[in-house]
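Structures for review follow.
You will see chain A twice below: alongside chain B first, and alongside chain C after that.
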Partner chain A sequence: MIRWWPLYGLKRKLTERKEYVSSVKLRLSTTAVFKRSLFVYVIDVGSSNALNFEISALEAPQYNIHRFGIYLTDSPRHADVLLILGHPVQAMMDPLKETISQLPRPFYTITIDDNPDFPDLGEYPALPNHIAAITGVPSPSEILGLLLDVAKIKRKRS
Partner chain B sequence: MKVLIGIIATDEGERLFILNNGQPVLVKADGDNPERIYSNYSILKQHPSKINDEPMKGPGVFRFRYGPVTAGVREAGCFHLYTYGEKILRATIDISWKQREIGKAMQNMPPESALSMAERVCSNFAMSHSVAFSRAVEMSLNISPSLLTKNWRMLLIESERIYNHLYVIYKLASAAAQRVLAAHVSALFEDALRLNENITGSRYLMGINNIGKLNRTPAIANIQKIANGYGKLAEHFTELYKHSLTNYNYLDRLHSTGTLTPAQAGELGLTGPSLRACGVTDDMNDTTKHLISLPVITQKEGDALARMEVRAEEIVNSCQYLVNHLRASDSWYETEKKENEFTKADGKGYAVANSPSGALGYYVEVKDGKMQHVGIFTPSYPGMHAVSHMLEGLIFTDFPFVFDSFGVHFADAAC
Partner chain C sequence: MKFLFIITLLLYASGAVFSSKVRLSYIFSFAGSVSAFLTGCYALTRTLVLWSFPLSHNVALTLYIDHLSGIFIIIAALSWMALALYSIDYSKLYPKKRLSVGFNISLIGMMLILTAHDGITLLIGWEVMTIFAFLMMQGTGKSFERSFRFLAFGELSTVCLVIGFAALYSSAGSLSFDAMHSGSLFVLILLSLGFIIKMDIVPFHGWMRGIYGDIPDNTAALLSAPVTLMGVYGLERIIPLLPGNQMWEIIIILLGAFSAFWGGLQAAAADKIRLLPAYSTVENNGMILTAIGFYALAEGFGGKSLHYLATFALAASIVLVISHTLSKTLLFMSVGHAKEAYNVHTIDEARGVWSGVGRIPALGIVISALSFSAFPPLIGFAGEWMILETLFQSYRFPSIAIAFFSALAGILIALAIGLISFAMIKLIGYTALGYDHGRKSRPIPNRLMHIAEVGLESLIVLGGIGLPLIIVLIGFPQLLIGLLGIPAPLVLASGIPAFGVISPTFIGIIMLVLLIIPILIFLKNKKKVRKVDSWNGGIKLKETEFFTAPAYSQILEHILRGFYRTRETKTKTQSSIKVEDILIRPTEALTRLVRKVGEKVALILMNGKISAYVTYILILFITVFIIGMLVR
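So, the complex of A and B:
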């Protein structure tokens, strides 16, 4: 017998109420234009995959990023922020430039480099509107804290 | 059962890296005509970065490029799909977009530094890479880790299996537009990552394992709490999984999609859940036989649903395994007496680990205390070949069910 999913979904409250704080200092002053909503496009340019998993974890109900007006978008043309995962391998340099060229203005770029010490990968390229650079694998809480800083969104939402 | 998982060029000639009843062995290739014995020999020998790369022509047939920048497959990889409309006639997979040549980069590094790189080949398989690499180095340098180290490695590989399988099921539920199921599985996925952090300090179990020892041993005081966490996770997941099996909209999307026969799986050299989902009992669990072996979960159908069912049942088994062993783990600490120091500086070794998606092997040569040659053999490479073949003849909406159900990753395949 088919069981009704919505009833299952209503049984547990999974969203957490906590303050999300990032230790990363923004490099540029931000505009308040993204205060109501922030659309983020994620591009992997050579990450070791933990960052892709952390972005999936960020979509978990515990964080419920939509309550803050933060959405992951499927196209760079709809994005306010380009979240760049990994240290770029040579093959991904052109796709990265092409993706940046597709972003509508104003936009910001954020980099998360999980392999800063890998030999043979070269220096990280200069990026336009590069508002924040993280090294290592930040937790979803830290990524959310940073996005809240970029959007200038008040932190506590029920 | 013998599976060829890699081919190694050594100073003494070509060697075949074989998994024989779950145990790794190296054999000489000369004179045996390996192509007749192992049908995946030519795939591994040629090791193309463009998989199934045979352009297709015909009335109205065109090539649809999907990747390397797309929201559907977030990793940097590319699919070339040949189609005349809705049906996928051929799928070429290009893994070169993520090639980082990590094996070469490890050369001339001390084993400990190379171990840190092994963990970052594919960080969601960090523990499996770390364990396979450290076992290979230990074999080469004649190091014997303590029981405590061996046991914790086993437990942490099961922790890795749990969150990876949850991730696969979350992706399948999302692709089938099962929002409630996807949200709840995603919550359990996050819970599993937090449990990893509680045990090791790393959500991806990185930095705890070392050559011959653990960098730190999980604190006994937290272990009962963590064991209870896995118990609850198994309980919630079982409830959710049973609920999902009554939902025909979900099951219909997975049923008979990407059906793999045991013969095809054998030809491609598959191991792990994809092989077990076609009814083949592999011997990967024998790698844990110094603890109680886990039961081997199999299904018969070989489709995306069978692969999901194998993973779901393995989640519950692994949780139970962790609960039982974590609760008894305080006795292991009494065995931890010796500090492993390197007494040898040269040698050759090979080893495997039972990763969430199958056998993961390393071959290493160490000279003067530095890595001279590292061969990495991952389950995602044959898995990508399987995805490529399974997509043929399917329609575009079946794409995520095939790709996600194999649990393969470009970072793992392209190392």
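So, the complex of A and C:
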């Protein structure tokens, strides 16, 4: 449907068309620590590249996570949440442990396992403060919904 | 009293005799040093001829103690005691017989120097000390050629002293120090040069580089603190006897100041754990030399104000000597302790002594390094303040030229103190308090090492706080006044009319009181700290990727590249920055020349032909004969 944008814009907000809802339930009860903002460090421990595209979409204008106060950091030392992409391969186990040891406390870890049934890889290792686990390749809005849940950021409804 | 002195020598001698039982030998040297300390305490109170053995009608071998030798015996004995205690534990790691013999006999040599009252006794002590210190250096069996350089410089100093005393004999007809007043400028130059060479003053420090890393711990400490102390003692002994040679005194002042600057400069770039303290010795002895030269210069002018300044300079030199000997012994012991525990050679490899080796050696490095960086109220602070105050009062001289050169020396020494602080912060930050990266040291016997280290640590702190007591003991109570509500003997005044005052005692008390509040707040709000490695993308840091000590010094090496001759060397895989000490080039050139000439001479003379050798002996004999005839 073709809309006449100027008028449409006057009538309703252009973004915030929909509510970002995650289908994944949080495993732990979140505290009020990350109420206003959330800093996320993303580590890829063995995903197919699909998840990286979904994460970069979060920073694009369509989702624009910055307006909620969610930021991607360059160092785990600045992060509140560690977002782990993929099922860990052997070579990435040590870097993953090192990254977790670098996180300031309190922190949460979220895993997105795009390939849970791959035969050669074993069980998913136990992680500290593992608040949510997504399997499969989620849409960006689902990831954003989860992050908003963790941060308990009030969503504006359109 | 003679009894105590003989006991001292006997204890050292038995230490040398029982050298097959190395531990026992060092226990003897400790007992001997305690006895030497008591001798020094006695010598502070009265003057006494210990022994006199007439050789001819006007030459006698005399052993004699007075206030000056008392001061130096006490300072040296404190260092010897600590080193002997340290060596008892060290002997388990390094049970060489040669080391304990050398240690004991070189102590006898130093004791002879400190009690000598004539040229021959002094030279006997001098040679005994030099040769046995050289034997101690041979312990590890490495770098023979470099340790020969030490011997060469030692013998150069002996040659200067021999010619100096011979000149004294020819002009005054006696070798006793009492006859020194009638000595000429030539005597003064040669004798002071002999002592200056022993103090490792630039450019006579060429033997140090490359050898300090390989010699045993106690040898390094002995060479750096008590052996250079002997040079200072010699200067303090002869310079007051020959005042009024302005030109030579200005040369001494400038040489000392430049040596201090150069030592600080090279210490700031040093990356070997032993080389840094070694260059710090060059720096400190430079300052001491400047103070002594300044004393002689100011004393030569006369006048109330300059006389006071001269006295202050002399006091400064002795406080610096105390500070240097105690702090350097402690620094070498702590650094050696860390070096043995980790079994390493560079500052980078010996990181994290506090957590990896122990708190006492780490505290030893911190306290001695802070003392060298002039941190109040430690004794090094008092010494360095005194030398700067002395030099900044050069405006009191009536002659512009002398005032200018003294001020120039002041600038160089101020620079040296800054550079040495830079170097010492490197040593503290990397070695003592650095992050150990999870490394643990090997267990070594350390109980007596700890006792020695704690003893010297407390002496350095107490010596700073109790500076007035030291000033009184070394015989300068007239320098102490009371001011602004601080009671009478606690303020040290640097000039008449007033120039600057200081009271380390009060600084110490105020620091203690003011520190209580922050410490209480800190203890109340103490947070748990978690230590992790530096973040490197999740990959463990390699040894080569740490922020290294050379990287810390790199900025200075780049800015002062004219002095350091900084250059970058690149290979396919890595690049590094190289600096060098250009003032050891003459020594190295001389070494090469000697080797070349030696090879040539060996080819001509000692090529297995007996006839060539006999000719050589014959020519030598005839030459000596002819010279002897001509002299007669």
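The working rule: the second predicted complex is superposed on the first by the 139 of 158 C-alpha atoms of A that agree within 3 Å, B and C clash if a C-alpha of one lies under 4 Å from a C-alpha of the other, contacts with A are read in each partner's own complex, and residues count from 1 in each chain.
Everything that follows uses one rule, which is that a residue touches a chain if its C-beta (ideal position, glycine included) is under 8 Å from a C-beta of that chain, and two chains touch if they have at least 3 such contacts.
This structure is a prediction, so every number in the text was calculated from the model and none was measured.
With both complexes brought onto chain A, simultaneous placement of chain B and chain C is prevented by a clash.
When the shared chain is aligned, chain B comes close enough to touch A:114, but chain C does not. Within the superposed three-chain model, A:135 lies out of touch with both chain B and chain C [touch as defined at top].
In the superposed model, A:98 lies in contact with both chain B and chain C. When the shared chain is aligned, chain B comes close enough to touch A:44, but chain C does not. Greater residue coverage of chain A by touch, when chain B is weighed against chain C, goes to B. After overlaying the two complexes on the shared chain, residue contacts for A:75 are found with chain B and with chain C alike.
Using the contact criterion defined above for the overlaid structures, shared-chain residue A:62 touches chain B, although it does not reach chain C.
Only one of the chain C stretches 566-574, 584-592, 602-610 or 620-628 carries C-alpha atoms that clash with chain B in the superposed arrangement, namely 566-574. On chain A, the surface patch touched by chain B in one complex and by chain C in the other comprises residues 43, 75-76, 95, 98-99. Chain contact summary for the complex, chain B toward chain A: residues 68-69, 71-72, 74-76, 96-102, 105, 117, 120-124, 126, 167, 170, 178, 180-181, 183-184, 186-187, 189-190, 193, 203-204, 206, 240, 243, 246-248, 409, 411-412. The residues of chain C lying in touch with chain A in their complex are 530, 532-533, 535, 537-540.
Per the touch definition, chain A reaches chain B in the complex via residues 1-3, 5-6, 8-9, 12, 14, 41-50, 52-57, 59-63, 72-76, 86, 89, 91-92, 95, 98-99, 114-115, 118-121, 137, 139-140. Chain contact summary for the complex, chain A toward chain C: residues 43, 75-77, 94-96, 98-99, 101-102, 105.
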